[in-house]
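What follows is a pair of complexes built around chain A, which joins chain B in one and chain C in the other.
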Partner chain A sequence: MEILVCIKRVPMVGAALILTDDGTELDTRRLGFQLSPHEENAVEAAVQLVEKHGGSVTLLAMGTAESEEQLREQLAIGADRAIIALTDGSEPDPQATAAGLLEAIRADGAPFDLVLLGSESADVAGYQTGIRLAHALGLPVVTNVKGLSITDGVARCERAVGSEREVYEVPLPAVITVRDGLNIPRYPSVPGRIKARKKPVTTHEVTIGAPRIVKHRLVVPPATAKGTTVLEPNAEGAAALVEAFREIGVLS
Partner chain B sequence: MILVLLDVDRDALDPVSLQVLTLSRGLDPDVQAVVAGDASVAAEAAAHGAGVVHVAEHPGLTDYAPRATAKAVVQLIASLSPAAVLAGGTPRGNEVMAHVAAFLDAPLATDCTSITMGAPFEVTRARWGGNLLEESSVTASMLLATIQPHAVAAEPSAAAGTVQAFTADLDDADLAVRIVERTGAAATGVTLAEARVVVSGGRGMGGSEPFAMLDDLAALLGGTVGCSRVVTSEGWRPHSEQVGQTGTKVAPDLYVACGISGATQHLAGCKNSKMIVAINTDGQAPIMQIADYAVVGDVHAFLPLLLAQARAASAG
Partner chain C sequence: MNLPTSAKAVIIGAGIVGNSMAYHLARLGWRDIVQVDKGPLPNPGGSTGHASNFLFPVDHTKEMTELTHESMRQYKEMGVLTECGGIEVARTPARMQELQRRMSSAKSFDIDDTQILTPDQVKELVPYIDETVILGGFYTPSVCVVDSLRAGTIMRERALEMGALSVFANTEVLDIEVVDGHVAAVLTDQGRIEADYVIIACGCWSPKMARMAGAIIPLTPAVHQMKDIGPVPRFADAKGDIEYPIVRDMDTNMYERQHGSGLEVGSYAHRPILHEVEDIPSNAEAALSPTEMPFTQVDFDLQDEHSLELMPEIIGDENVREKYAINGLLSLTPDGMPILGETPEVKGLWSVAAVWIKEGPGTGKSVAEWMVLGESEIDLHASDIARFHDHHKTREHIVARTSEGFNKTYGIVHPMEQWASNRNVRLSPYFEREKALDAVFFETVGWERPFWYESNAGLLEKYGDAVMPRTSEWEARWWSPIINAEHLEMRETAGLVDLTAFCIFDVIGLGALETVQRTALRQMDVAVGKVVYTPVLSPNGGFKSDLTIMRLAHDHFRVVTGGAHGMADKKWFTDQLPADGTAQVVDLTSTYTTLGIWGPAARTILQAITKDDVSNEGFPFGTCRVIEIGPLRVLASRISYVGDLGWELYLPMEQGARLWDIVWAAGQPHGMIPVGIGVYGTTGRLEKSYRAYGNELESEYTVVEAGMQMKKVKDAEFVGKAAHLAHRDEDPAAILCSLTVDDNTSSTGEKRYMLGREPILTLDGTPITDRKNRRSYANSAGSAPSLGKHVLMSYLPPEHAVEGTKLLVEYLGEQYPVTVARVGNAPIFDVTNERIMG
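This part shows the complex of A and B:
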């Protein structure tokens, strides 16, 4: 089974989101970067499927050359090769993202049975790249998947809705977008990291068209000031909480 | 005219759809709605301002089928030429609208908190799970957007709600992806998203066993247990209990955070709780800054005290 996983490098934001002076970007100068979380699950799922069914895992990241950091990390957990869809670093809108991924897939030329993406990215969260890519590739797409198995070329996909699971079945080739909770991603091992250094990473330059969603600025929503009551971790503190619980009617 | 896509699951209308109808009335007096296969919710939509409820009919539209629903909406758009098509920023709303946008090769702005009609359209939309807002303009002849849940409160406003059925022209590819089965019993206990009380644990719980204290406290308070992502990654609790940007978003009357630091991605899922109680050894942890009650101390020592007093109170 030949699997392609599209991944995105995102800043690792801490307790506060700090913007650049012009307010159009996150100030990432002091931030590390990581893989957008749903895609950790996508790579893990791909590696597990190949362990079970054979085949290979190709990674595709669209962005700057720095994406290689996240690609090498994921090559270390078992993916076989990686492609960078190289951009000038400007932020594409969702249509441009899908177009750029498509351009890189076509340029690479290899056929895939399964294309995995995260259901939405941690930062922009447009909820549409996988669906647009599926339309462009002429493939069926199931999104938001939290349970995945493949039998006889058919993917059984489960989606969590409240305490229920909706089941969808699609024949491969298909596009599937997954989310956190699909599996527990493994950590790269030391031998995995050493092997990853030698795995091939190729680059295709892609052009990003003019965005149709034009970002003017970012705003950190104002925090509502709260009067915090600090309590001691003792019987009095516990009594104060019990009283508060009674007041709001959650304890009789 | 604004066309609102209704999110319906087995005769039940998702409440976010009513919020979208409410928001739409503020943009244009002519609000119409579209639903796939199921006219049962027409009265509810009418009560929130839908002048016409268009019902897409096709023998294949028996249960949720995202691409098929989108194809039907695209066909309706061709005959109605709405100024905007809006849906709730729910899993289904976002999914169907992304298919609509892909069919039309048009931009889609998801999770909007406000919309201004015009050329271009101006939108404010949520990023980073709502921790950041983006102000953008959308260049298109028709706006496609989804609305962040709870961006507006639903307000009733009676309209005719005339039901107009139309036949959707669908092919096999449109119907290839649809629900074939549902597993897992419908909720018997309290579901996380709707619980009045959520008692959550984080890394500070130190393992799976201490969560028994949270199970007990949640039971006493008529609530359910939640957790942070560290907890699900460690395998201490199932992912269905994860609160936050990539877990479940909750807004209970009471949120108790035990040994949780309050990372932005966790707060994205719980900051709309009416009352927050945080128990943490670190008085400077971000969760302590937004808590109504902050207990500076060790969960392992304090939770037994709290449980004993809560038990006594509920017994007495």
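This part shows the complex of A and C:
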């Protein structure tokens, strides 16, 4: 089974978000990067499926050449090869992202039985790219999947809806977007790292059309949490503790 | 609790250093100490929080060894130390030799449990190592792991219990106020605290704090990469945090240590990754902590392969996975040593920075002693913040030297090894002339100094084996037989020596005499025109420095001292200035250049170019005065550090070249040659038993032990006087002796020459310890070409400090016979000093 997993390089942030002076971007100068967390589940699912059914896992990241860092990380997990859909670094909207991914998939030319994405990216969270890519590829799509198995060319997808589960069966090829809870992503091993360095990473330049969603400004919402308060072990502290329990509904 | 509005001392930082400072200041009696940190407790997010926490006690630097030793003692006392042993493994023959050198350093600095292991012996202790890739190991059973966060908490709590400390976490320093050169207050986001002392103990943020006060702490945050992998099947049943010895894979600049069920792999092998202080994220911004930056795998790719080679059983296991990997920030300095002491720029502002876990508590204790008692038990001169010259403080210098030094963390660093980066910063007026003479330049605090001149190579034939040629690559490295040839030729004719690297500062004003009297051991109330070589004592009567002072007028003294220690000397003199402002210290280092001329022909040459009387009667030893040489007025000073007749000639920097040309022309008929610092700093002084600060002279030794006491002690008060008087009344625990190596032949028949810091042993191979528990080792080592011997200087207990006593010196795993040639400061060569006095 040939599986394609689309991943995105995003900033690794802590509790505070710092914006650039013009307020249009996250200031990433002091930050590291990772892939969107749901995509770790996607890669893990792909590697497990190939371990079970055979085939190979191809990774596809759209962005700058730096995306290779995240691709190598996932090649170390067990993916076989990677493609960079190389852009000029400008930020595409979900439509442009889907178009760029499609362009790279076509340029690569290899057919895929299954295309996996995260349900949404960690930075923009548009929830659209998987659907738009499926549409462009003319494939069925199931989103927000937390359970996945494949039998005889049919993918069984589970979604959580409130406390209930929805189950879909979709014939391959198909596009599936997944989220956390699908599996526990593995960490790389050193031998995995060493192998990953020799795995092929190819680059296709893609052009990004003018965005149809225009970003004007980012606003960091005011922090709601006040941080940790250490209570003194005395009557005053006990009263504060009771108050805190009331607030969270432990006491009425 | 609200932030107080005033305090005796504010400690900025609650890592291992700040906590150690809090405890030791409290222990020594200080109260009203406030500690602030911008992060939370007990782990505010600095380097302590992610440190690997292991201690290897053996180091080639005595100061570092002592600080580590003292730190181990404290960690042990606090119950946070686990002894696990450590092995430095060698993959190359050069490293095996280096491990032998470490054996020597261990013995010299009193660590006796070390041994060299075969690969099989290493395998026995570390069963998961592939012993076929190593040649052997250096085993130190006392290597240990400590809980530095717990230690910090304990020390803070102790200070709190004493009622000496209040602690404010999540309190960020915004500014440090200075009034009239003295620190006045710390402004935080929680309020303002007036303080007499401010202690900067916040690791890689320290430069930012210093800048707020107008001072400079020249360190840079830099990355040390590490990854933790696991769970390791072999460690599944591990009960403790650490049960196997830590392995340092020296030749790949890496270490591997078991950590519970995991294995931590750390590296100093990757490219130097430096950060600006401003680029460190805040606690809130950071994904982990500010100093646990995102791991950059691409910098670790090669290290993965190296660790796989050494420990294939664990590293090669596909199921052993990376649990945690960081680019951990730590502090690097241009010379690799910590930055301790009161800043020269701001009174009351103290730096305790670039200190690692292994030396943290020991450093805290030492700096606290320095602050409270005026002096620390461990000599901290190599870490003194006052050591830096101006150019050392530039970002470019810091970046260049830390980048060059980083990969030497586990390196085989030759004692004479020169820096390749940021050279040619300070050039003497003779530089072009020296280059034309094919000088080989070594660097001292930025100055390029000829170490020898290739133009003198022709002398090698003349002197033959008398130059004591070295066949071993290690000893021939950073050395040339030309040095010894220059020495011998200088003793026959004359040598011209560029001494521009001297630090020169004047003490002037009505209080000048009082200042130099207070600072110098020897009588400074001398006639104008006298030159006095004098020890400078620490409060406990040890050596703070040794230097030369010329009295130029009733209210004017000129201090001349070595470049390496000169800035610290300048601060020391400045600290002794009278409070009433009647004296000042003026730095003239860059104003005056110095040219030395010594040798039997020196007087003839000098007399040929001056009309002033330079005869022995007209210009006696130990005097100075201005003479005219052609169009130049030159301050000539008749002293000698090489053991021959001659002068130091001081004149304005821009006139130096002219002087060189005049002396050069006059010297040619007499066979004068240019002579490098190899002679001036080593061979010339050693055969005369002249001491050198930092080698023989340290605060841990007394004037009596160094054999430098005067017949009388002056009446005037001076720093260290009471202690010095007491030292004179007691029998010295050791006496500085000059030793000659009787036979330099190794077991393979090769001549080997010690380079310094080797242990001195009794004939049965036992290390020698004096009653103050100090080991005897070679404080200096070098050729004495006029004697045809290799010479060592060493402090020996009285029972061994007897002329003719036979002892051994251990060098690279072999023992060589030595004889005590002189006890005290009597020279081996030219015992009556005829050559100088003539």
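Quick note on the criterion: the second predicted complex is superposed on the first by the 227 of 252 C-alpha atoms of A that agree within 3 Å, B and C clash if a C-alpha of one lies under 4 Å from a C-alpha of the other, contacts with A are read in each partner's own complex, and residues count from 1 in each chain.
Operating definition for what follows: contacts are C-beta pairs under 8 Å (C-beta built on N, C-alpha and C of every residue); 3 or more make two chains touch, one makes a residue touch a chain.
Since we're looking at a predicted model, the values are computed, not measured.
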Partner chain(s) touched by A:248 [first = chain B, second = chain C, both, neither]: first
Which superposed partner A:84 touches (first chain B, second chain C, both, neither): neither
Partner chain(s) touched by A:69 [first = chain B, second = chain C, both, neither]: second
Which of chain B and chain C A:16 touches, first, second, both or neither: both
First, second, both or neither for A:187, with chain B first and chain C second: second
First, second, both or neither for A:162, with chain B first and chain C second: first
Partner chain(s) touched by A:42 [first = chain B, second = chain C, both, neither]: neither
Most chain A residues touched (candidates chain B, chain C): B
Partner chain(s) touched by A:228 [first = chain B, second = chain C, both, neither]: both
Overlap of the chain B and chain C footprints on chain A, listed as residue numbers: 13-16, 228
Contacting residues of chain B [partner chain A, same complex]: 9, 64, 66-67, 91, 94-95, 97-99, 101-103, 105-111, 120, 124, 126-140, 146, 173, 176-187, 189, 191, 193, 196-197, 220-223, 229, 232-233, 235, 239-240, 242, 245-247, 253-254, 261-265, 274-275, 277, 279, 283, 286, 288-298, 301-302, 305-306, 308-310, 313-314
Chain C contact footprint on chain A (complex, rising order): 12-16, 18, 29-34, 69, 72-73, 186-194, 197, 228
Sites on chain C touched by chain A in the complex: 40, 229, 279-288, 293-298, 301, 304-305, 307-308, 315-323
Chain A to chain B touching residues, read off their complex: 13-17, 26, 37-38, 93-95, 120, 122-128, 131-132, 134-136, 140-144, 146, 158-171, 179-181, 184-185, 212-221, 223, 226-235, 237-242, 244-246, 248-252
